Amino acid sequence: MQDWKSQKKPFAAIATAPVFWLALFFIAPMTIVWLYSFGQNAGPADIDISGTLDNYKRATEWLYLSIFLKSLAVAALTTLICLIIGFPVAMAITFAAPKWRPWLLLGIMLPFWTNLLIRTYALMALMGTNGYMNKGLGELWDGASWLRTLVGMQPLDAWTPVQLLYNNFAVVLGLVYVHLPFMVLPLYSALDRLDKSLIEASLDLGAGHFKTFMKVVVPLAAPGIVAGVMITLIPALGAYLTPDLMGGTDSQMIANVIERQFKRANDWPFGAALSFLLIYAMFILIALQSMRANKVKEAR
Amino acid sequence: MSETKVPIIQIRNVSKRFGKVTAVDNVSLDIRAGEFFVLLGPSGCGKTTLLRMIAGFELPTEGQILIDGQDMSLVPPNKRPVNMVFQSYAVFPHMNVTDNVGYGLRIAGVSKGEIRDRVAEALELVKLGGFEDRMPDQMSGGQRQRVALARSLVMRPKVLLLDEPLSALDAKLRAQMQFELADLQDKVGITFVTVTHDQDEALSMASRVAVINKGEVAQLAPPSDLYEYPANRFVADFVGSVNIFEGTLTLDEPDKAAVDCPGLGKVYLNHGVTGPHGANVWIALRPEKIYLHVPGEGKAVRAAAQDAPDGHNLARGTIKGMSYLGDVTLYDIQLEGGQIIRVSRPNLSRHDQDDFTWDDKVSMHWRADSPVVLLS
Amino acid sequence: MFNRTAIAPLEYTRKLWMRSWVGLTMLFLYAPLIVLMIFSFNDSKRNVVWKGFTLKYYEKALNNDSLVEAMVNSLTIAFLATIISLVIGALAAVMLWRFRFPFKGLVEGTMSLPIIVPEICLGVAFLIFFAKVDWPTDLPWPLNLSAITIAHITFCFPFVAMVVRARLASFNKEEEEAAKDLGATEWQAFRDVLLPHIKPSLVAGALLAFTLSLDDFVITFFTSGPDTITFPVKVYSMVRFSVTPEVNAASTILIILTVALTFIALKYQGVKGISDAH
């Protein structure tokens, strides 16, 4: 690595574009938002940056705080489900024969590369009251009913389609559907780096597969788990489209509230304050994670 | 042989500092045209830094480097008349052998026909004829090294720099390449400057060696001088194995000297001590120069008396360790004072190694021209 | 399953429950997409009962001017954003890899922020920014897409930088020195030695940027206007108001495009490259 002073011209040639772009098109916009969060509406098109904290105060009212907490809960639940589903998948890829591995990875990643909107829409089509999921459940219901008649019991009432969409269940399902590939990748990365002979040693010493899994694999794959959790939790927390399309009136997440401030309520300063609170929440999460990582390092 | 003209490389009071660390400390030396010059030293001693300064990848903090009389302070590496073979060989992975070897010529704008001829010539020289279309990942480490060599030699530099050329090769290949490099240098006739930490390499290939310790030149001499006349304890210990004892001069004349070493005894030399010195000196004695005798029959005394006064160049001890190496046996002998002296004894006949064994008492003697006085 | 050889203790993937789990997951991931694609050929206005095979919704989709326009816009934005992101991202990667400079940590941290900050916040920021600086809104095509493109580049180039930086880490610096030693100038050494080394990461980065751009909804939603409709935004309005198989047809086209791109990249990288890249 060279000191920039020793090669000023190449450094300038290389560094100007990225730094300039970052400053103009990222730092500047974010700064304006931050400033706006201290402002208030002063007329139909003007915003007066008055240094007021009203927006932040309003953001901490129970109405909005509860949505915040609910978003966190939904995101956490989504992450947990993704972790449970994703870990065995990551293990399967890690321990697959080398010639299948890239294909399995591709299989998991390909949906991620298709448009979010399309994926959400496709899932919704299946979950509608006349969709295949309901049809499938209906078949199961009828099947159970028929089994009951076999045993001499009364058949069940006729199947009425379940409301699968436009509720919290749909939102969580949708978020899991969208974020699952995100979780698998860091898990696979961590498991791949794991020394397989450690598992063999554990088995050799008498531990069963499940014990080995809990006492050897999971602790050693911990960094990957944490990475996967962060990569899933944070985007899920800020999700907009899934709750918007698949949620009901009480399934709003924080991103939907923010959007409303800009597209409908026209209260940009308040929306700015909410946005920044979301950003601060993310930073806290990241800080917690790196503090934990440092603690682990110290403990070694 | 070099005539009395300007040395091809002159390093004048060169120092290199990285922050608080001094890697090279006021080094001055001259490298003559046609030499096989080796910079020898332990890791971190500054030898590679010195090499890179000659190549131009580091600039001296102080001092000058002149190549063929020209000051190189402002000359960037791509304009210097030297070429380097890197420790990792640095063969371009995305080009085949021909393109690799011809790279420098292409940059220089040499005509296609001439490139073709010179590349073929270079490949012949390093015995890689037939490898023209191979890709680096299809070749072994030794073959890649030859590509790197050919790539540098094809440029016809005034000096070829080699950074630890043999360290990545296995023992057999290393021995082979030592011969080949020396042979190559002979054929091509250009100056070679090599950096290594392996003293065997240095001794076998070099015409002169500069031993570097902590950024300074500990000694600059041909290999035999380095071994037989080390200038200080560092060189004596680094090149080959050696027994070193501290002592005081009891006789200090231009043509003879004697030193009294506690623990070893009295040492007599049939030459004087050169250079300014005080009474405190060290004696260096190489293991192969000490003779072992069965004690009690006066053999050692008689042998020592042949070229030294009474009581000098004699010692007694007990064998505490033995290593049979096939051609020689190494003995670690504990002296009366408690120190261990190492003796190397050739197995001249098939059962020589049976002559002595553990806990045997032995007497030793050495010739008056064997010890070396070290002043530092 | 029928095993020809016994399953070794570590061959988890050959165990039945593992295979079922993966199989079900794959089913979960792909079933909606496959059903969507199948129903794009369904001869019925509603999406649930198979009435017969038809291509008429593809016809409708391709004849839907606003849809086609939206598609073209999205592709244009993705194309432009990819090229510029590639350049800026590669430069950023080289800058961080090669130089020590004051505030380097700060620059490095700031550069990863567009990836971390939630999309909604970025979208809001761009909306506010372009409003505040009075970004012109009546430029001719393709300049009218500039606001969206700028926003896309901003969140794409850090990804490119990440990919290129990872590849730079494995570069043997002695190769560059060797080129210089043989007479190459700074620029020639970069062109002949460094660039070929990072080429795979440039391809990967370009693909990543293109997909991210084409795929994006939230940021595009906030930076596009009534006369700069992009594909995801158009589909969004179609989904909200009138769900017909036309949407399926348009979606299928996009899916096929994405898959095709992926396979082209694969051909280039080699399938092994995917697992290696991790």
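Order of writing sets the chain letters: A, B and C. Residues in each chain are counted from 1.
The working rule: a contact is a pair of C-beta atoms (placed from the backbone, for glycine too) under 8 Å apart; a residue touches a chain by one contact, two chains touch by 3 or more.
Computed from a predicted structure; not experimentally measured.
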Study note, to complete from the structure: argmin over chains of |mean CA - global mean CA| returns C
Revision key, fill the gap. Ranked by contact pairs, first place goes to A-C
**Study point:** CA centroid of subunit B to CA centroid of subunit C, Å
**Key:** 58
Practice item. Starting from the mean Cα coordinates of subunit A and subunit B, work out the distance between those two points in Å. Key: 62
**Study point:** Where subunit A and subunit C are represented by their mean Cα positions, the distance between them in whole Å
**Key:** 18
Check your understanding: How about subunit B: which of its residues touch subunit C in the complex?
Key -> 55, 57, 76-79, 82-84, 86-94, 103-104, 107-108, 148, 151-152, 155
Revision key, fill the gap. Per the touch rule, the subunit C residues reaching subunit B in their complex are 172, 174-175, 177-185, 188, 192-193, 196-197
**Study point:** List of subunit C residues in touch with subunit A within their complex
**Key:** 9-13, 18-19, 21-22, 25-26, 28-33, 35-36, 39, 46-48, 87-89, 91-92, 94-95, 97-101, 107, 110-111, 113-114, 116-121, 124-129, 132, 150-151, 153-154, 157, 161, 186, 211, 214-215, 217-218, 222, 231-232, 235-236, 239-240, 243, 247, 251, 254-255, 258-259, 262, 266, 271-275, 278
Practice item. Using the touch rule from the top, collect the residues of subunit A that touch subunit C in their complex. Key: 1-4, 7, 10-11, 14-15, 17-19, 21-22, 25-30, 32-33, 36, 85, 88-89, 91-93, 95-97, 100-111, 113-119, 121-126, 128, 130-132, 177, 180-181, 185, 188-189, 192, 196, 199-200, 203, 209, 234-235, 237-238, 240-241, 245, 255, 258-259, 262, 268, 271-272, 275-276, 278-279, 282, 286
